[in-house]
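This is the structure I want to talk about, given as structure tokens.
Labels A, B, C, D, E and F are assigned to the chains in the order they are written; within every chain, residues are numbered from 1.
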Amino acid sequence: MSEEFLKCQLGFLGNTEGSAYLSQGKSTVSVSVVGPFEPKASKCMYDRATVDVTFRRKTGSITVHDKMLEGIMQSTCEKALVVEQYPRTTIVVTVQEMQDRGNLLSTCLNASCMGLMNSGIAMHHLYAAVSCAVTEKEEIILNPDETQINSSVAYLTLVFANTETRCLLTSHTTGEFSQKTYMDCMDKCYAASKEVFNFYQKVIKKSSIFN
Amino acid sequence: MISVDFNNVVLPGNDVSHIVLKGDNCKRSEKTIGPGLKSVDNKIIVCNGGVLRCKDDKYFWIEYFKKKYIPAKDDVVVGIVAAKTSEMYKVDIGASELATLPYLAFTNATKKNRPDIKVGNVVAAKIKMATPFMESEISCVEYANSIIFGQLENGFLINVSLNYALRLRKSNSKLLYQLGQMVPYEIVIGANGKIWIHSASIRTTIAIGNAILNAEHLEEEDIPQLVKSFNKSLNI
Amino acid sequence: MPTNVYRVQGPEGTVPYQQYLIERNNNKLEEIATSLMKDVRCDGRDISAHRNLCIKTGIVTQAKGSAYLECGSTKLICSVFDPKEVPNKVEYAKTGELQCEFKFATFSCRQRRTYTRDSEERQLCNELRRALEPAICRGEFANFEIHINVLVLENDGSVLAAAITAAGLALMDGCIPMYDVIVATSLGIYKNKILVDPTYDEETLCSSTIDNGENRGTVMLAYMKNLQQITEFAQNGSMDVNMFPEYVQILTNHNCKLYKLVISAARKDVIEHFENENE
Amino acid sequence: MDLLSRQGLRTDGRRSGELRRIRCKMGVFNQPDGSAYLEQGNTKVVAAIYGPHEIRTNRAKAPNDSAVINCQYSMATFSRSERKRRPRDNKSAELTLHLKQAMATAIKTDLYPKSQIDIFVQVLQSDGGNYSVCVNAATLALIDAGIAMEEFVISCTSSLANGETPLVDISHLEETMGGPSLTVAILPISGKIAMLETSQRIHINHLEPVLTEAVRGCRYIYENLNKIIKKHYEEIGGALNWGTEEYNI
Amino acid sequence: MNSIKKNIQDTYTKEYLALNKRNDGRELMNFRDASLNLNTIHTADGSAVVKIGNTAVVCGIKAELGVPKAEAPDIGYLLVNIELPSLCSKKIRPGIPCDEAMQMTSFLNEVCNNCKILDLQQLCISVDKLVWVLSCDIYCLNYDGSVLDACLIALLSALQTVKIPEVKYDKETEETTVIENYIPLKVNSLPVSSTFGVFNEKYILADPTEEEEQLCVSKLTVVTNGSLIFSLHKPGGEFIKDSQIQNCIKHVNNRAKTICQLIKAAQ
Amino acid sequence: MSLVSLNEAEKVYIIHGVEENFRCDGRSRQDYRPLELEMDIVSNANGSARLRLANSDILVCVKVEIDTPLPEAPKDGKIEYFVDCSANATPAFEGRGGEHLAAELSRFLCLAHGPVFNLSKLCIVPGQSCWKLFVDVLILECGGNLFDAVSLAAKAALCNTSLPNIVGTYEDGQNIDLQISDDPFDTKPLEASDLPVLVSLCKIGNSYVADPTIEEEICGAGCIVVSVTPKGNVTAVLKKGAGSFMPDTLNEIIMSGSHIGILLNKALNETLIQDMSSNVCKQQYGFLK
């Protein structure tokens, strides 16, 4: 996870509470978070906030596969936010795909985490998504590009929280792999997720000098 | 991981109880933890990414970039009247719900001579009661040495982030003082990031507003330079 | 406007392979027509015999009341949900509403059906609602609505009659207050021959447009035996008007026979309910 | 095939400055509060007005000191030579919006606070200039419904034939084959423009003649409609009128 | 997790989970038994009904002829769609399919493509001109938890019952003739999916019912054929440790063996 | 449909009126309100008719296109019914309001005309090309009893329809090109005189009423719509509303429905013949009358 691999800009959208523009390798995603506001009567829960994540493709047409990715993002964000602190409100996170050159899911998850951090909404923990490809010869490549993904036997995306002990938050896999390779991928991705957390720290440091 | 210490960047999920409590000699109850920190079964966890601050070892909080105002008691806020009901105004103070301002919550207001404030007017008020479970209640009753509350006629309203509004309210900020020397103006800075400015002519009001907005990301030393350019633009 | 694709779509213009076997299909129909002339039906039953019914209630545990009904090889399942508030409703309605949903599974007919409702399903849904409305005490749940959903798994003729009977059973299983048990049967009329409970092929024969003056078409009647009230009557195809009293008479007799069958199934259901109650 | 022959005649025999024949009847239906039928050449339109009645659609956003104007423009599926799949599509949604803007300039909405006025227009046969005929029909229907209006809203179309002579009140053929076409809706007495739209690019110094031609057309239509309405009111006003005559000029 | 759900969860753990049991008497980690019957629908080319406990699912397959994709001219189509009609549970509104149905459809299509349960070459009649389009529609009749497992079993057993006629396609005259001898499809591998409900950090329940599913924070779905894992899908929610994952995978392997025997026996 | 609301007293008044066979507008139980029919209103259509039944106003227009027949019925042409409830009738029809009624009307017209209308008349070259008829119904004003008005207008329009002659067909391999005669008067009329007409009978109290107005429909228990051909055959029966019927009242209603239907058909045929013969210098009134 070399340095120039992740590039991010926070707070670039004026009228949203939080926004992040993250590019991971060649895929870029922009996220906007509109903070706790008055919900529709039907969706409002009396003791917590409802979190609503929508995922938009460039072309705007929503296929069945995008609904799956949206479901994964929704449950990952919902777990990270302290929803009890904002009762009877709605938090809307909109993830917009700007360019998809592979690893789209991990880019979206990392961007949504940074957007939530920028929005100033209380969070239990941060989460970092890392994806890896497994080739025929059982080697594990981190952050593969498109050619490596297509030629790989399996392609995994794992998400970890920044708690001390290692605990898996989200796992989405395609292709076939054995249990052993799954455990090796977990170790590798957990190590890589530490670097993502460092990247988060650097970005927050840069943006918090002025306040 | 960068060491977790005061005036240092911390991330949500970091455990800062060992720094805050600093050994067990002082009791846990004295310490008050402010916004950005949460105490979960006797551990203090950070829940917003920002800089850990502490003030004479009793108050701990995290300074983080925030735009959405969460109502807190005894804050001075500037709001726009959104609706009128039979016995109260509904005021939009930028929080998740409209705040309620009863007719009688004005200085020496009685049932007879009610204040006539129309929908869309700007109001300065103090938050009387704020809980996450109910919409907050504000009041314009002035007490001892408070600023004048109530309706703010004509003037100009701008929105800034909450952190910048906090910095401007601190008395030692030179910007407002130097602008005041150039041209006389009135200003009310709400804790909810809404600033009301009023001066003799509309041109100067807008100039002051733009000056404040531009100064958000400037260092302290090049503020005089900004004020000079503001003065030059006003004279022609 | 983003085009929203809710399902995995295949290529346009897919053609069922049965289309290339049309001549085989046509001479099968002629065969049935000739055998009908000799009062022999393709599945061997007499022209005035109803296909045997297999009824099972309480299939869908998530719903308040449900029923699965097999009439010959027509299979359908119906579930009823308890009265709920009507979303965004303004004025107060004295009688409760019935929200019906009638759907053919895509694989249920010879020709593959679409996911969205087409005009035939909308028509059957209206007829189902009109058949059930007089039978349910709608005054009991004023300003509320009941959802009745019917899903047809296999369509082999007289689908609407089977759906109405199944819906009646599901309502009873769901303890919804009703004036009387509702039952329905349908007739196919082909060249002045009256076929009770026609199969899918017989229905296509009856609704073919050969205008040589003979009666042909289908008649469906939903009946409440104790109150002797016809709650739904739908007829299609050209028939002489004086034959109607005879058709109505045959239909009411068959409904009474079917009534006994449905009552025994419902009674068995209640007894079973009390047995595992005091277990 | 050029739209204007050498002797200055158009394909349907009119001169460049002549308008199509106007025939109309007010009070065509008796269930709506006001209704009108208007024919300009072969474009036939029926308009109906319901209101001012209490607001039914989206009660929350209604301003509490003026009336809400709610319009719907729809074309019959058989109105054009080749059949139209759906009576209302995106194009008719756009024309509904334009119709609403044009009529809102003339109706005195502040006289009917907290109420809604429905204007429904149905094109029975379309031979070009549909929008203009709809605006004129809506004006007639509003007058029939007795709703307070500052003045008429009259609309007319005009376009440019082979580069220099402006044609007024164009037909469907001239709309599709001819040059850029311009639709204008004006308040004839005060001369204010309620709505102006051009179908494609038009050169700046062509704009002036085409616009004045269209405004002249509007004034011409205004005089005709004025005469018809006066006659209509004499008839309706007079107790003796039981028979129905045809009002054509 | 709002407070009502929290209290119910606490009482549930106190009464049942502490004594390592569940409210329908099952152990924490054992699955409900599955029942299966084939070829129930004659109008479909292949059909199967599967019941896991109370959850009932019916799968019907219709074979049609279509034009192949330009970029893959020699393979046919296998389109799997899961329908959650408003018949099967009270929380589903009639109208456009709910998000859960779309997510399950997408997951099942991924699994079918991952482990190539069907060799799509055998669906090709003439390259770039005519291929078979198998549209498999799975209707859930009773939604009582782990619907996805039932759908996969129904799909596999229905695919085994499909018989498609032989079709000749003449390139020049573009004539298609259908010959009446029906040949069954060959299914390569039998993946089995099993769903776990992650209750809280401590407890994971196998094959949760609808009631338990509402109390669980998130679901973990593992698809395997006994040895290789085809998909390990956990969409967010509660943390799980490595030991819990290994424990789940162990149970999933012997669940897969039992289900494979069931499908082979029913053929 | 329209915003007519009645209180209990008015309903009782109407029911008693029907008992004494003297309705509130003076008609007896079997009488129809005045009908007015006008043909050939729309110029660019192959056949059109406008019908006014008291204050209902229906405009039907038939357009014809060339289409390829369905694979399973190569020798039959196609016919498609489309009903558009324009918002002119009532504000309730605005946007998608009138869609439910329109779908029911078009579906029932299709069912009623199906058994009697022989589609093979529309076939040009079996298996290759055939005529497709679009019957578009536009409801401009609805004053109750829409089913009768729409069916009468549709039958009149279909009788008025004329199909252009096909001069020659050239077959080269797969595609066919048809040479249609461009002389607008070289057409042959569509033979549609044996189409059925709908008669709706509304059950009020324990007797029934033909041609119900909106008020009578509201206070009626249920409505039976019978589709009757000129010869008296019944091609479709539909029950509307939430009421239920005794078997013998049902038979009685269908019997009298077919009698009324025969009379209605005879009256329609007379006007059609009278209209055909006198179309030499017909003055077109349209809405201007």
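Operating definition for what follows: a residue touches a chain if its C-beta (ideal position, glycine included) is under 8 Å from a C-beta of that chain, and two chains touch if they have at least 3 such contacts.
Protein names from UniProt, one per chain: B = Ribosomal RNA-processing protein 40; C = Exosome complex component MTR3; D = Putative exosome complex component RRP41; E = Ribosomal RNA-processing protein 43; F = Ribosomal RNA-processing protein 42.
Source: prediction; values computed, not measured.
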Least step count from chain B to chain D, where 1 means the two chains touch: 4
Interface ranked first by C-beta contact pairs: C-E
Farthest chain (mean CA position) relative to chain E: D
Whole-Å gap between the CA centroids of chain A and chain C: 50
Intercentroid distance (Cα basis), chain E paired with chain C, Å: 30
Between chain E and chain D, distance of the C-alpha-averaged centres to the nearest whole Å: 60
Whole-Å separation of chain centres (CA-atom averages), chain C against chain F: 28
Multi-partner residues of chain C (each touching 2 or more other chains): 4, 6-8
Overlap residues in chain E, where contacts from two or more other chains coincide: 102, 105, 109
For chain B, residues contacting two or more additional chains: none
Chain pairs in mutual contact under the definition given at the outset: A-B, A-C, A-E, C-E, C-F, D-F
For the chain A and chain B complex, residues of the former touching the latter: 10-11, 17-18, 35-38, 82, 85-89, 117-126, 161-163, 194, 197-198, 200-201, 204-205, 207-208, 210-211
Contacting residues of chain F [partner chain C, same complex]: 71-72, 103-104, 106-107, 111, 114-119, 224, 228-229, 232-247, 250-251, 254-255, 258
Residue ranges of chain D touching chain F (in the complex, touch as defined): 23, 25, 28-32, 35, 37, 39, 42, 44, 46, 48, 50, 56, 70, 72, 74, 76-78, 80-81, 83, 87-88, 118, 120, 122, 124-125, 244, 246-248
Contact footprint of chain C on chain E as seen in their complex: 40-44, 47, 54, 56, 58, 60-69, 77, 79-81, 83, 85-90, 94, 96-97, 102, 105, 109, 133, 135, 137, 139, 141-144, 164-165, 167, 176-178, 180, 210
Residues on chain C engaged by chain E in the complex (per definition of touch): 4, 6-11, 13-17, 20-21, 59-63, 73, 75, 77-79, 81, 99, 101, 103, 105-110, 112, 115, 147, 149-151, 153-156
